[in-house]
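Note that subunit A is present in both complexes that follow, paired respectively with subunit B and with subunit C.
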Partner chain A sequence: MIWQIDLFLLILVVICGFGTVATRGLLSSTIVFSAYSFLMCLLYAEMGAVDVAFTEAVVGAGISTIFFIAALFRSTRRSPLIIRGVDDPHHFKDQGLKLLPLGLSFITGALLFYGMADFPRWGDPGSQPNTHVSAYYIKNAVRETHVPNLVTAVLGDYRGYDTMFELVVIYCAGVSVVSILKQEGEES
Partner chain B sequence: MDAWLFEIIGKFNYWIYVVLMMTGFYAMIRKNNLIKKLLGMNIFQTAIILLYISMGSKVGGKIPILDKEQALAGAVQVADVVNPLPHVLMLTAIVVSVSVTGVALAVALRIYKEYGSIDEDQILERIGKS
Partner chain C sequence: MRTLQQDAHIRMPWQDIILQTSVRVLIPFIQLFGLYVIVHGHYSPGGGFQGGVILGSAIILMALVFGLRASMHYISENANKTLSILGPFVFCFIGALCIVFGGGFLDYGALNKIIPLGWNEWRSFGIFLVELGVGIGVMSIMLRIYRVLSSGGTMDRGL
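This part shows the complex of A and B:
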């Protein structure tokens, strides 16, 4: 945990996050999002969460980007913002509503900032989340499961059912994707 | 000056978490394009993952893969190892998030096939017409 790298990566992450939302073309937006995911994965690795970093690199940056590009390939790449001109009837209607989401985001963000005073200091070994239950796992997990990787030990042993039913979630997602896209094939 | 920097380092991760989460939130409610909304949703989810990982980190903490002999001998100090529990929770969250993204993209494709557009206004217009 080196705070200089952390600060640098966090600033890059914010730039990429804003870029994802602000970019007009959908394909370029997706690519910026992929860069965002990889930066996020570096950030996790830097904070010692190697397993999360692997998963984020493979699933978040890899598979999600492929899904988005595949969906864009099958639909349309043009963001309607480019198509929409001044003569569009929605162009003026949107102006009044533009400030509402911005204000809502700012108010919610301000409330979260207000609540942040109770958060533990970043990297404090004696903070609430780091002291109660996790000490047991760090001390006893290797003795009880004989797995040197603590994350794997908790994921595959202590929370084995949770991981098993996670597969059910993926299975359900796969079944729903197939059935949603299948219907369309039968009709045409 | 040092106290000021100390304060910033202690909270900077959480500030960025709020900024990213609100970026995603803004994209979800403001953007008209369905794909843009989904990108916003993904940003929202990664921001929450960032919050959890930040809470589990420790100053000078090593990665949660232990030396087996040392661990069996009981010689591991709790403060030396990063908290593994948020990592486990977030692994589950990443998998669920990619499932949600997949299903949502399938629904978006179905909407595109039905109405020929992934823009909210155009879809509403076409629903109103038919």
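This part shows the complex of A and C:
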């Protein structure tokens, strides 16, 4: 972990996060969100979690952007703010109410930062999660499964149930999208 | 204000010959890369999930450039429906097969009784079979979600 690269990437991540919310056009917002996903992918890769980075690049930056854009094509391009017009008096009238969500999110963020103090140091070999099962996997996984990539060995063999139900969850997502959107009587 | 959909009506992107030719060259390589990611997941980052998404995005690219009908010509909606349930089925079937041959659920070493390759070799090979199921399932589910989303549920015209 090189802290200069980390700092640079994290600053870009924060900028992209604000950009996603602040951009008015939904298409540009989607593209900025895809850039956000790609920066997260770079962060994961930089921390050494290459499999997670690959998944993030393929799913977060790739296919979900396509889905967002496909959904955008079937709706209007602009956010309701532009359609109503920014000088709409109704837009500014409820500005005061937004202090409550703002305060709540700040309190949540502060609590998360407070909880972060209890985290073990990054990559600490003596920390609780690293001494529990990871040691067993690192010691025995290659010998027991003959799979050099430990992540695949853990996902496919030791944690096979997780992967199976992950696939079932994806199947359920597909079925629910189809059942919500598919129109009756137009079977191809 | 013009919506994106009206823009697409004017432009007709699938009539662009440069786009069509380059995508025609690109798609086999994307599919090869997807297969490589699935099969090589034992040795390098990757696996069924990522490879399946890459395979699905190749077909999605085809649907974007040549139109939804052209992609239906290669993988019809019924075939896609079958494939999307085949993925989870392969996974569960391999797991259940392990019980039949005297192991636990997803205990691939038990499959050693069918073809004796060695207990540990079978654990490696079982992971491969399961990843294949994940790849098939994820590919067709991603494709199916895209088709329904992009056609607004009618499945006749894409973006």
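Please note the rule applied: the second predicted complex is superposed on the first by the 174 of 188 C-alpha atoms of A that agree within 3 Å, B and C clash if a C-alpha of one lies under 4 Å from a C-alpha of the other, contacts with A are read in each partner's own complex, and residues count from 1 in each chain.
Everything below uses one rule, namely that contacts are C-beta pairs under 8 Å (C-beta built on N, C-alpha and C of every residue); 3 or more make two chains touch, one makes a residue touch a chain.
Just so you know, these numbers come straight off a predicted model, no measurement behind them.
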Fit or clash - subunit C, subunit B, common subunit A: fit
Partner chain in contact with A:29 - subunit B first, subunit C second, else both or neither: first
First, second, both or neither for A:66, with subunit B first and subunit C second: second
Which superposed partner A:105 touches (first subunit B, second subunit C, both, neither): first
First, second, both or neither for A:181, with subunit B first and subunit C second: both
Greater residue coverage of subunit A in the superposed arrangement, subunit B or subunit C: B
Partner chain(s) touched by A:18 [first = subunit B, second = subunit C, both, neither]: first
Subunit B versus subunit C as contact partner of A:161, first or second or both or neither: second
Lowest C-alpha to C-alpha distance for subunit C against subunit B (Å): 7
Contact residues of subunit A, present in both the subunit B and the subunit C interface: 50-51, 55, 59, 63, 67, 70-72, 74-76, 143, 146, 148-149, 151, 155, 163, 166, 170, 173-174, 177, 181, 183
Contacting residues of subunit C [partner subunit A, same complex]: 1-5, 8, 41-47, 49-50, 53-54, 56-57, 60, 72, 76-77, 84-85, 87-88, 91-92, 95, 105-106, 108, 120-121, 123-124, 126-127, 130-131, 133-134, 137-138, 141-142, 144-146, 148-150, 152-156, 159
Contact set on subunit A toward subunit C in their complex: 27, 50-51, 53-55, 58-59, 62-63, 66-67, 70-78, 83, 143-149, 151-153, 155-157, 160-161, 163-164, 166-168, 170-171, 173-174, 177-178, 181-183, 186-188
Contact set on subunit A toward subunit B in their complex: 1, 3, 6-7, 10, 13-14, 17-18, 20-21, 26, 29-30, 33, 36-37, 40, 43-44, 47-52, 55-56, 59-60, 63-64, 67-68, 70-72, 74-76, 79-81, 90, 98, 101-102, 104-106, 108-109, 112-113, 116, 119-125, 127, 129-130, 133-135, 137-139, 141-143, 146, 148-151, 154-155, 159, 162-163, 166, 169-170, 172-174, 176-177, 180-181, 183-184
Contacting residues of subunit B [partner subunit A, same complex]: 9-16, 18-27, 29-33, 35-36, 38-40, 42-43, 46, 49-50, 53-68, 71-72, 74, 76, 78-79, 81-88, 90-92, 94-103, 105-110, 112-114, 117-119, 121-122
